[in-house]
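Here subunit A shows up in two complexes: once beside subunit B, once beside subunit C.
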Partner chain A sequence: MAPERVAVRDRAAVLRRADHRLLRVAALGGLLVLWEALTRIGWIPALFLPSPLGVVRELGEMAASGQLMIHIAASLRRLVLGFGVGAAAGIIVGIATGVFSRAEAVGQPLIAATFPIPKIALLPLLILWLGIGEPSKIAVIALGVFFPMAINTYAGVRQADPLLVRAAIAFGAGRWSVIRKVILPSALPMIFAGLKLGAGTALLLLVAAEMIAADSGIGFLVLHAGNIMDTTRLMVGIVCLSVLGVLSQWVLTRCERLAVPWRHT
Partner chain B sequence: MIVLVLILGVVVLAAGVSSARADSAVKIGALKLSSSAPLFIGVDKGFFKEYGIDPELVFFQAAAPIATALATGQIEVGATGITAALYNIVLGGEQLWLVADKGREWPGYPLTGIVVQKELYDGGLRQIADLKGKRIGITTLGSTFHYSLGNILEKSGLKLEDVRVVPLQTMPAALEALKGKQVDAILLPQPFPGTAEGQGFGKILFWAGDLHPWQTVAVFYSKKFAADRQRAVAFMKGYLKASRYYYDAVLEQKDGRSAPGSHYDEVVGITAKYTGARPEVIRLGFPFQDRNARLLVTDIERQMAWWTEKGFMKRTIPLKGIVDTSFVEEAAKAVPEK
Partner chain C sequence: MIDGSAARGKAASGLICCGVPGMRVIVNRLSKTYRDRRGQDLVALDGIHLTVEPEEFVAILGPSGCGKSTLLGMMAGLLSATSGDVVFEGERRPGQPFTATVFQEFALFPWRTARANVEFGLEELDLPPAERQERSARFIAMTGLEGFEDKFPHQLSGGMRQRVGIARALAVEPAVLLMDEPFSALDAQTRTLMMEELLGIWERTRTGIVYVTHNIQEAVYMADRVVVLSRRPGRVLETVPVELKRPRHEGQMGEPGFLHATERIWGLIKSQAQAALVEGEG
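This part shows the complex of A and B:
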């Protein structure tokens, strides 16, 4: 006897979320086309919002003349150094305060007290202490990255599964073994979350840091173009910052996939 | 997508429509400097009110934002240094008009001073050539100080690349940077150089005007204000009267020495009141401007050529596209010489 076929409507289909890759690209492309059209017909004055094609042209000119590379290199140097210093310090302090109760007693109030201070407000002080050169710029970025890192690392360490820790101890692991093999790997997801947060903060502070006594850098480019009302160049700088932001998040996500493979299976 | 279009539409409306002013209050963007003295005189002594204009002074920290505020319709009249930003605003399609003189770097009259660290001066830094390799603080690139510095260096055989130009964003910040020895020299307008010398941490090496005279400060009108011919001319009449009062009180010179007029102390007092600087500092000198507020039009062309050469402007603007001397001429005919 042939099996009966009964048509069944999949009522759960509404819950499924498709990727809509084409729509994503089309939306962005459509916005750019609309923007270009509006500037062409003169609805938006060129001064207020430069046309996308004009921005691309300016970007090309700057890339060809090598100017763009100089600015990007200067900014990247500050970002990498500041981020590196801030993240390293933040992770160390976060682990220390998370693992050792005395460190927590000393560190937590200090972090809580200094975290809310806007780092941009500290910039003039840093310039007074470290001068108007690179150190003050790297320092302000490092400070901005330190706090999310310290706080997130601390949280990551504290939320390590106590069962796993006890199991390790039960199997004879010493304190440092437990830290290295159980607590740290457990904290990695939160550490990476902190790194991504820190990357965004670093870019923000880069622009603020390059406001004072800089002669190169993407932040400097943005501010200088703003000062002389060259809005096309301003947009080039903003596009670069945006690309830097997207790239940094993508790089960190790839690193996370490598370092924390168990989270994405 | 519809939402995006709506948002864009709001942005366009906000950008394109300038706020309507039902009253005749005229917002004047200016800086708290000695060079704004004619404006202070006009406001304080009611010269603008005499011609039916109700003036409202709006103070800024630097010159370039004043040009921006004018382009976006937040103020009607700007009275500040002519910067690269101002030229780029016109190049970008927003019309504004340079209409009157409000200050020139001029030999014998202090406006912008090159102030060096007292220690460096005592140590022998006496000439512009000695500035080679030094850190020079200015407000921003593209400012009047940048222009003065560049031209003064060129006259001494140096280039901008031979010094380290340090942008510090605001004038007080530049003063602090000199005080804190983070820069070796600064270029700032009166009364800041006087303050630096008075407080003992700076020494005025030269006045920029003695080395490179140029049309530095101007009164400019927004497109909308200039189109309101009656009010625009009325404002200019009040300004002209103030300009003459200012000139007669503080700018007269006999045999190369300052010959203060009868209202000198009054003008010093008014300037001190609005700038907050001490009178002794203001008495060091006032910036020069034409008695009848006439612009040095040929210098405008020279400035645009210099900025274009340095890459701050894409191309120059034809003079008739940015300068309008008709207001000053009309006011000069209407206001009787006293």
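This part shows the complex of A and C:
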């Protein structure tokens, strides 16, 4: 055998992933340019696919006339109220079922039984109970947010480190102190995960509720524009909804960074 | 388990000892039996009897699975005893807790800064904010945490974290400080430094300490007495006094008194440690 002299090669290099930042921007921008080009050439009629620039123009006009703000304000009001009520109730129920065995025995089977119901199916019932106005829309959003919040908060509470609970008790903490100073902060990351999940559900139910029974709101705008075949206006509604979705996630992420500083610094 | 009423009862019946003021701890024929999943009784501790005098530094040493931590948990009132009890007797300042614990895994609250961790026990004692600040500042200085008060635990090294753990426990000024293998999660160099610092702090505060460890050198270097426990069921094999002058320093580790005590203890537990090795029980 002849003696060898071989330098060691980095064999894990194939596993490294580059960022390709430019490609990311190009993909998104390219799609828009292609879309605009296709509508300009006229291969696709504007009725089926309005041009991106046309959508932007329409958005500007609707904003200037104040029409858009009316719809956005109506939707935001429902969203914030429904989300707030549902999240608050979910957090309270989640903590109660996580901490107290009796509350768990009562609450867990009820939640497990009602959680799988598609909440939008309850809207007719809610309209029957609460009327066709705002309360029924807010209630269906609240219901949709309540379940992920209750389930996530419960899981967060159950995940609290028993060692930290023991430490708190060793330093004289009573039950309420343990809940406030150990269990609640332990559950915060899960609570925020629930809030983000709930925000998505809330948007979905908002649009559904506004399509079923409303004369304002972005959901109504989209449905109405579709009915009169005003595809450009329809797209304006969809753009507003996606901005709302992105914005709500962004706000929640900012709040999480403020409320859970020990995870991000 | 600790029993406030028992402690007060004995104090009232005139059993307060002379000499140094403070509280002594009497572990009175303490036993703990666990029931495992197959329903079999497992005796963790069997008739433990020991006394910790005020201002004394006592190490409790034993091989893995001798129930050291169980014993400490019962002294802290975090576990109930199957039989026997733990009694505190002597003079106690109003509101002074019987014990405070330093945990092996630090057990710091990750959402609290170093200062807020130190103040946790003070909040539970319902101290006014001014006194809380004064005390936390004092013990932060004593444990060498100045400049790190506003850091979260994850921003601190292991050694600094355990300083927070020690400051948190000292800040409530307990009658007895319980330490459950406080430095075993640290690297060897940090551990040596922390041991020295703990001795320095103890010289200044003179709080009685019960120090659980499985490290013979550590126990002998720091303690006045080493209580050696047997493997399951945990019994007191012997209490080995350490004849070393205070204040202690590393140089004493070569002295005859040190070697004599470590050899004596190793002789007591060697066969038990071997048995533990074979069985592989934690």
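Note that in this section the second predicted complex is superposed on the first by the 242 of 265 C-alpha atoms of A that agree within 3 Å, B and C clash if a C-alpha of one lies under 4 Å from a C-alpha of the other, contacts with A are read in each partner's own complex, and residues count from 1 in each chain.
Methods note: a contact is a pair of C-beta atoms (placed from the backbone, for glycine too) under 8 Å apart; a residue touches a chain by one contact, two chains touch by 3 or more.
Note that this is a predicted model, so its numbers are computed, not measured.
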| item | value |
| --- | --- |
| When subunit B and subunit C are modelled together on subunit A, clash or fit | fit |
| First (subunit B), second (subunit C), both or neither touched by A:Ile92 | neither |
| Which of subunit B and subunit C A:Trp262 touches, first, second, both or neither | second |
| Partner chain(s) touched by A:Gly131 [first = subunit B, second = subunit C, both, neither] | first |
| Touching partner for A:Met229 - first (subunit B), second (subunit C), both, neither | first |
| First, second, both or neither for A:Ile169, with subunit B first and subunit C second | second |
| Touched partner set for A:Ser177, first subunit B, second subunit C, both or neither | second |
| Inter-chain angle, subunit B to subunit C through the CA centre of subunit A, in degrees rounded to a multiple of 10 | 160 |
| Superposition-derived comparison: subunit B or subunit C, residues of subunit A touched | B |
| First, second, both or neither for A:Met69, with subunit B first and subunit C second | neither |
| Touching partner for A:Phe48 - first (subunit B), second (subunit C), both, neither | first |
| Overlay on chain A, subunit C to subunit B nearest C-alpha distance, Å | 42 |
| Doubly contacted residues of subunit A, that is, touched by subunit B and again by subunit C | none |
| Subunit B-touching residues of subunit A, taken from the complex the two chains share | 27, 30-31, 34-35, 38, 43-49, 127-128, 131-132, 211-215, 224, 227-231 |
| In the complex with subunit A, residue positions of subunit C that touch it | 76-78, 97, 99-101, 103, 105, 107, 109-111, 120-121, 124-125, 152-155, 168, 172 |
| Interfacial residue positions of subunit B with respect to subunit A in the complex | 1, 4-5, 8, 11-12, 15-16, 64, 67-68, 71, 83-86, 88-89, 92-94, 135, 140-143, 164-169, 173, 177, 180, 182-183, 312 |
| Residues of subunit A defined as touching subunit C within the complex | 163-164, 166-174, 177, 181-182, 185, 188, 260-262, 265 |
